[in-house]
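Below: a set of structures, written as structure tokens.
Both complexes below contain subunit A, partnered by subunit B and then by subunit C.
What follows is the complex of A and B.
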């Protein structure tokens, strides 16, 4: 009880700050998922595995003696081509098909990626030390690792850069046009195949950035990908496709929820709480939408 | 008697004789029956009703944990049993074992069915990919939560009461579970065969083809969706309880709520065999089980890589399944007539 009465304000500040910083990272991953979902109408279950793979790229650099923070440049470059290759191998066959087919196909890719990561990098929990130190706030009662601050800042910068790219560049315009109406875009001379490949690559690159940030802030493990997929799915369905402030806000909200669930329920229920929240949100959404059912009068 | 009835009877006799022909593979074949039950019940949602669920594993895990907990908890304190791990501090007498087993299996069927009825209204209202992701979340959440509960052994898992000493050997145990799982499979198959011939089956297909239209025609679709899910939960729960006893050891993420293995297997088997058909899941499960055992034996260590590849290949290149392929090849076997003119013109093209 002591803990609750005297430490509660500190814990609340600590959890909220942690949650916000974590949430911005989630929002970046969710942005990638929203991009892909909006353009290609595919829900990529392997999103989380791509993130973890990006993290392992940063970890490999760390093992080679390079500072893992440079992973935010290297990982997206590698991941872009990987995503592009994945599209050419598998995804283009499922783009126009039933949504469940694409969910199942990406589920297969996710299992495959997990296992290959397990073989290459081992099943141990690893972390890439960034040696950024920590910041102490409010008379040393709240500690924020600088690596978390770094990851939040980079997430925001990366998101802004991608948004600007989507607004200004020619490819960005083509992607947005395809998202609005793929057929019309095709008629007007947009090579939609290329746009799809580029979108998948871009999403993988975003996952690469997010992954290398996770490598320095949190821990990596071959099997922790799926929670990241579910988190980004949740953020996207709360915010809606193409609502960027919404993505950032709901990302932070999810981050805060998770930190509080971690403190209150205990770490072993953290992932369970995330998945239960998903179920609650979807069911809530279903009841809210069913009220709007339209009838002919 | 038509040919299908004869086929069923012949296969049934083969099923009864199998454990005596291949005594070394009794447990493997029992697993096959359980897999067929899972595939058949997944097909109620995925094939007949058009609701692609990842969440049936929820009922499997609940049934497994419930059955084992009741088997132990009826006679001994459950928390001490799980705390003692695998050590045999408590020993079941034969009659205790069978009483506990009977009550456990009954509860493993009924409780998941009740849970399905309770959550069905909220969850079956979702459509398409929202339903798929929601059920995926449900299954994994259950696994994570079960992994945090101390009473049922948390992440370490718990052991199921071993076969009581004094009545027969391990051979008898294997035969006992073989025939139970075989009977469960036969009952599930015959029940679904009957159910698909009734109005219920037609309504499920109407929901798959156009749910809004079915509702507009006055069918209370939600009621039938829930009934379908309750049937699934009942059979899957019993299968879970049996599986727990056959494996002998329950672990939350790998055995009970195994969303990444069994949860996907049931979908794959159905798609491989051909979804929306009665025989598809049976054929798919048999072929899949044979392949899987091959993989597991010869690709040791690489089996999950092979599994991932298999999912992608089956889903991307083979979405119609074996039954779909046979149907395309021999349409007259399915009572479908092919227009001769049409066939000729397609050949000329």
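What follows is the complex of A and C.
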């Protein structure tokens, strides 16, 4: 146990800000996962790989001399069609099947994507430089990399844009209708096939945006996708499906919890502590549910 | 008819078994060729370094063959390496070692890339009493298991950054220093950490931060914030390429000022190229650098090796390639001194190796580790926008003077 954070209270500010900024980026990825899960009942194990692929698109732009931040426009455009193609190729076969089959299918896509990225982009760890600089607060004792700030802002803007699109547009309404009841939507004339393909594409596009942000804030490697999948899975589990503010809140909450666990318990327990929290939340939920049921009876 | 069909199946089976059984007899020395076996990572996450390893092996084998081959019993033999792709997967590597030895009849092995895969293969070669010269597994645990058939041309992982602590103490006027360190939780990085613990004990230095980074972590912000708050004299980071790139990115973004920053994997991650001026003044441990003055008759010196490797493969050799080439030179020496193909005799000759190669002096201790070669430290230095690694320690080979302390970010 390390109490440094209480001896130097400014670290509390640093930890909270780091946690919030990190959490918002993760929340964006989790939002894509929740969308797809809610609409198609598919848990996408390849979510992290789609994120990294989006990152490589931004990195390729950086290699070509274009600022990698523009990846937030280019990557989602490419990834949307890629997602659409993946749906037509693989996902449509598993969409109405058992959840286990879809997990297996997306797990396969994840391995394949890793190997293809390794083949195309190589096994080196790469970074794209944004050169956005740093914001210094409280007499230089709190530092916020502008790339993280940029990532958090873009994550929020993207999430709001998608929420508005879902509320206002025709396709958005169709997606929501399908999520509520696919059969009823079909009877009322919604082309659910098309809705599914669009949802998968939309999720891939969200991953594209998140990937571009990761390229300028962290590092890229063909095999680092899994932590993003697991993290977004946890955020969705905690927030529940179809609860968008919940996703953002649980993303930030997990981010802050993780940072504090790092300072207090030590870096080696950082990820373990998050998993422990997940277990507690699931047990608590189960407990609450069982009480509710007893009451109903 | 049924009988006939069964009989022919049986015959094919017998023939196949016979073929497999016959193959080993020819495989170790076939005509004038000595076959060495190697499982290297041609795909998967180690594929870049796996490629360097393979190129290093091939480059040396070709050179030795061109310069007269290996002379055993008055006859000249050529070296050939049989490769399999271990897919960067340790259980696959162990399977392939088994296959090389049992099916292909290979009697002499070369190591794979990385400590983890070498650790997977070593029990197989050991159980079969097949000598292995490895060039890319530095983990200390390889040398504490009492292996008799394992020989490593490189320095053990715990030696990587000890020099840096000594240097920091020296710069502090011989007084103990305060050390902050962050190491990834994997075999190699934790061994580097043990080396730092030893060095700290020896110099009576104090460790004020000792973070172990989870493997999947790509954010060091919390560790660096602690470093900012505690102001250590030296910050040590090791976590393969990802760790090196993440550290430099976040140190520059968070404006962390430390007098000395010591790391590993700077050249594997192309730190100077990817981060440019942000990486300047970082100290890096390396097994080899082209500017060292070691010599041998096959490659001349490091500079020549660098030039010729570059001409052959189109890129400058990282130390992973150089040490792999050195492994072949060790094999050649051992065959010639043993003057025999008996694995036991060759093993004994390997154990007595005492030679200089372009890569460094090679002499094994009883655990099979090379103790004759020190690690080198270089510092990333920039001239205009171009950054390169310059050797700063040991002082014997220093091509430039160490900049210490590192200038503050506000002055850079």
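Basically, the second predicted complex is superposed on the first by the 252 of 297 C-alpha atoms of A that agree within 3 Å, B and C clash if a C-alpha of one lies under 4 Å from a C-alpha of the other, contacts with A are read in each partner's own complex, and residues count from 1 in each chain.
The rule is short, and it goes like this: a contact is a pair of C-beta atoms (placed from the backbone, for glycine too) under 8 Å apart; a residue touches a chain by one contact, two chains touch by 3 or more.
These numbers come from a predicted model, not from an experiment.
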(request) Identify the partner contact of A:22: answer first if only subunit B is touched, second if only subunit C is, both if each is, neither if none is. (result) second
(request) State whether A:271 touches subunit B only (first), subunit C only (second), both chains, or neither. (result) both
(message) Taking the superposition on A as described, I'd like to know which of subunit B and subunit C A:115 touches: first, second, both or neither.
(response) both
(message) Applying the document's definition of touch, where does A:283 land relative to subunit B and subunit C: first, second, both, or neither?
(response) first
(request) Examine A:226 and indicate which partner it touches, taking first as subunit B and second as subunit C; both and neither are also allowed. (result) both
(message) Quick one: is A:92 in contact with subunit B, with subunit C, with both, or with neither? Answer first, second, both or neither.
(response) neither
(request) Could you tell me if A:257 is touching subunit B, subunit C, both of them or neither one (first, second, both, neither)? (result) neither
(request) Pick out the shared contact residues on subunit A: the ones touching subunit B in one complex and subunit C in the other. (result) 115, 119, 226, 266, 268, 271
(request) Give every residue of subunit A touching subunit C within the complex, in rising order. (result) 4, 8, 10-11, 14-15, 18, 22, 115, 118-119, 122-127, 129, 134, 136, 140-141, 143, 145, 147, 218-219, 221-224, 226-227, 259, 262-263, 266-268, 270-271
(message) Can you tell me which positions in subunit B touch subunit A when the two form their complex?
(response) 52, 122-123, 125-126, 128-130, 132-134, 136-138, 140-141, 144-145, 147-148, 154-155, 260, 264, 267, 271, 302, 304-305, 307-312, 315-317, 319
(request) Going by the contact rule at the top, pick out the subunit A residues touching subunit B in the complex. (result) 43, 90, 93-94, 97, 99-101, 103-105, 107-116, 119, 226, 230, 233, 237, 266, 268-269, 271-272, 275-276, 278-279, 282-283, 285-287, 290
(message) Looking at the complex, which residues from subunit C come into contact with subunit A?
(response) 43-49, 182, 185, 211-214, 216-219, 221-223, 225-226, 228-230, 240-242, 245-246, 249-250, 253-255, 269-270, 274-276
